[in-house]
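Below, chain A partners chain B and then partners chain C, in two separate complexes.
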Partner chain A sequence: MEIKDKITIKTDFSDKLGARYRTDGDFSGQQFLEDLLLPKFEKAVEEKYLLLIDLDGVWGYPSSFTSGSFGKLSLEKGADLVLKHLTFKSEENAIRLEEIVNEIKDPKKHEHRK
Partner chain B sequence: MKKHKKDEKTRRRFLAQVKYSAKRHTPRWKNRKKSKQLFRQNKQLKKRRQLKKPYLVHKAPTIFSLTRNTNEVLKYFTEAEKFMKDEENLIFDISDVTELTPDTIALLVASVKDPDFCHESEVRGNEPKDPYLKKLFSESGFYEHVNAYGFKKSREGNLLHKEVSRVVVTEIAKEASLTGIKNVFDNNKPYEPLYNTIIECMSNTNNHANLKHQGQCNWWLYVYNDPNSKSTSYSFLDLGVGIFRSTVMENYIKNLAKNTGLYKNINLVDDLLKGKIQSRILIDKEIRGKGIPEIVKHSKLKHFKSFYLITNDVKIDLKTGEKTQLDFSLHGTFWYWELV
Partner chain C sequence: MNTGNKIFLWIGFPATFLIGILAGKTIEYSHYIKWDNHIGLVSGLSLIVTTAIGVMIPFVIKKLIDDNRGIKFFVVEEVKDLIKIVSSIKDIISNAHQKSKFEALDKDKIIFLFHLAELKIGSIADQLEISFKKQSPKIIQKLKDALSEYKRYLTDNSGMMISTFNQVDDHFYQENSNEYSKVETSFKTTIHLIHKF
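Showing the complex of A and B:
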């Protein structure tokens, strides 16, 4: 599949990511999911293309943000479909990328990963 | 047509005024006004009476460090609250302390600014006699949060922040991260585990501090750059109900034992650190509860030193996994770590 759309989190959303819910404060996982990720993801599924997520230039990815956005998307749409239409880029931090992919593969709570 | 509309508006306004005027002359209205006035007067009178009372000198332990002398410091604050509950005015006397750490300054300012801690009593305080500790105290930013003679500003690089809007504030998390990163690493590059830890602490407060209303609890963050060692200490605390009082166990039997008091908080530590106990929020249970395990994971990193969690009657050294049963409780949650 071809990459036809892109989300650069730093510029399209924020470089300071928050916690899980909108009620927690600004730039939450829920806000990112509902306002940005989900609409673009659904379009990518409908038109059968890949959506590139650029993870760089951000202060951090708190687990509650990752779980409230990518984890929640995976729980709702299924890990296979999400990984089929999302691709990630992080030149700064390979572990960060791996953790987000792991979150999508297994969004449910479990003893923390090594 | 226009004139008719205007007349109608005037008539409605007149009727509303008549109705309001009639309401103001009812006994119920008058009684309510009178009782409100009485309440205000009583409050003012009580305040005036309280101001005239003498102050009780409450001497702090010489090692005034929450992380190093936890039981003594918690005893000091427990006794202080008891005195003030009994309507005693109090002087927090820290003049003779020989050791003072930033974590205790954060606890002190959070406590004296908390109406639930001070009740209706008046509070005063002093500074350590020791010149080094006096400097540490006066430059901490403490005076920016209390009424004091001669305004003393915090030293550049220190950050003492009180959040009243009670939410996760990403701007503060960034500022606090940057303060430490500049001091310790001499650069401006993000250090993800630090930022993530601060956000998870805030989120934890927002979700666990108040049993009745989510998010209704102030939190404090104190970032202190130590001029002697190239390290930065972080103290994050809320004076809510504490993690153990706010959580429910996943296991029914353990939950029952916890509620009946048969199971001590210290026995729940392992489950807490693994994310097996969670807050009372019912939604997304299957994907929530990852914040504390993430903090635990980060605490093992070499750039974090002396990583502690104190909540209710338990102190946990996250670096070593050592847990201590405390003789006195902290009503809230306190996180402390050093970036090196």
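Showing the complex of A and C:
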């Protein structure tokens, strides 16, 4: 599958990521999922292409953000479909990338309060 | 076997052999030591080879042990640096507890320190892969799991990431100290495992 769309988290969202829910504060995982990731992901599934997520340039990825965005997406859409249509880039930190992919593969390991 | 050992073997063994021949010739022309003609060529060569091996083995083994010890020491220092990075997180929380104030900047620093810790584990993984390929996956997974567990506690379960979190109370301070202790212990036991390679 071809990459036809891209989200650069640093520039398209924020370089300082927040917690899990909108009610927790700015730039939460829920905000990222609902405003940016989910619409682009659904378009990628519909039109059968890959969505590239650039993870670099961010201060760090709080576990609550990762779980509230990529984990929640995986719970809603299924890990296989998510990994089929999302591809990641992280030249800065390979462990960060691994952590996000693991969260997609096994999202139930964290408690989702909502 | 690294390049140093290869050079040592390629140069060291022929050099020892030549020294053996030289010693043989010296003995041949010496008035004090005489060659016993009853000793066959094979026995003579066997003596030379045995002597050469006896001299070389301690040097080769010592060099291998010294090389391994040096690499292990270096990797252990890297794990100690990792402990320092993670202990900086505990320091930020301790200071905030003392000041009774936790600022947004403290949160940013903690998130960035986790990023630095992840980079350090990546660096340790690259180094272990060169010299201890077989043992590397187990060690790296242990480091990753310990860090990930602490990160999950602090940046998810503890509630520290919520924007209204602006004070480190006694309960949070104690709980974080316990969680930090777990990650620190795990890193320290990894140092013991590296020494056992």
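General remarks:
The rule is simple: the second predicted complex is superposed on the first by the 109 of 114 C-alpha atoms of A that agree within 3 Å, B and C clash if a C-alpha of one lies under 4 Å from a C-alpha of the other, contacts with A are read in each partner's own complex, and residues count from 1 in each chain.
The rule we apply is simple: a residue touches a chain if its C-beta (ideal position, glycine included) is under 8 Å from a C-beta of that chain, and two chains touch if they have at least 3 such contacts.
Quick caveat, the model's predicted, so the values are computed rather than measured.
With chain A as the common reference, chain B cannot sit beside chain C without a clash. Contact with both chain B and chain C is seen for A:63 once the two complexes are overlaid on the shared chain. Of the two partner chains placed around the shared chain by superposition, chain B is the only one that A:71 touches, whereas chain C remains out of contact.
Judged by the touch definition given at the top, the superposed model places A:5 against neither chain B nor chain C. Contact with neither chain B nor chain C is seen for A:54 once the two complexes are overlaid on the shared chain.
When the two complexes are overlaid on their common chain A, residue A:107 makes contact with chain B while staying clear of chain C.
Once the two complexes are overlaid on the shared chain, A:94 sits against chain C while remaining clear of chain B.
By the touch criterion defined above, A:26 lies against chain B and chain C together after alignment on the C-alpha atoms of chain A. Of the two partner chains placed by the overlay, only chain B lies in contact with A:14; chain C stays clear of it. Residue by residue along chain A, chain B and chain C are tallied for touches, and B comes out ahead.
Overlap of the chain B and chain C interfaces on chain A: residues 16-20, 24-26, 59-65, 67, 93, 96, 111.
On chain A, the positions that touch chain B within their shared complex are 14, 16-20, 23-28, 58-65, 67-68, 71-72, 75, 93, 96, 107-109, 111-112.
Chain contact summary for the complex, chain B toward chain A: residues 167-171, 173-174, 177, 190, 192-196, 199-200, 202-203, 206-207, 214-215, 274-275, 284-291, 293-294, 296-297.
Residues of chain C that touch chain A in their complex: 108, 111-112, 114-115, 118-119, 121-122, 144, 148, 151-152, 155-157, 161-164. Here chain A touches chain C in the complex through residues 16-20, 24-26, 59-65, 67, 92-96, 98-99, 110-111, going by the rule given at the top.
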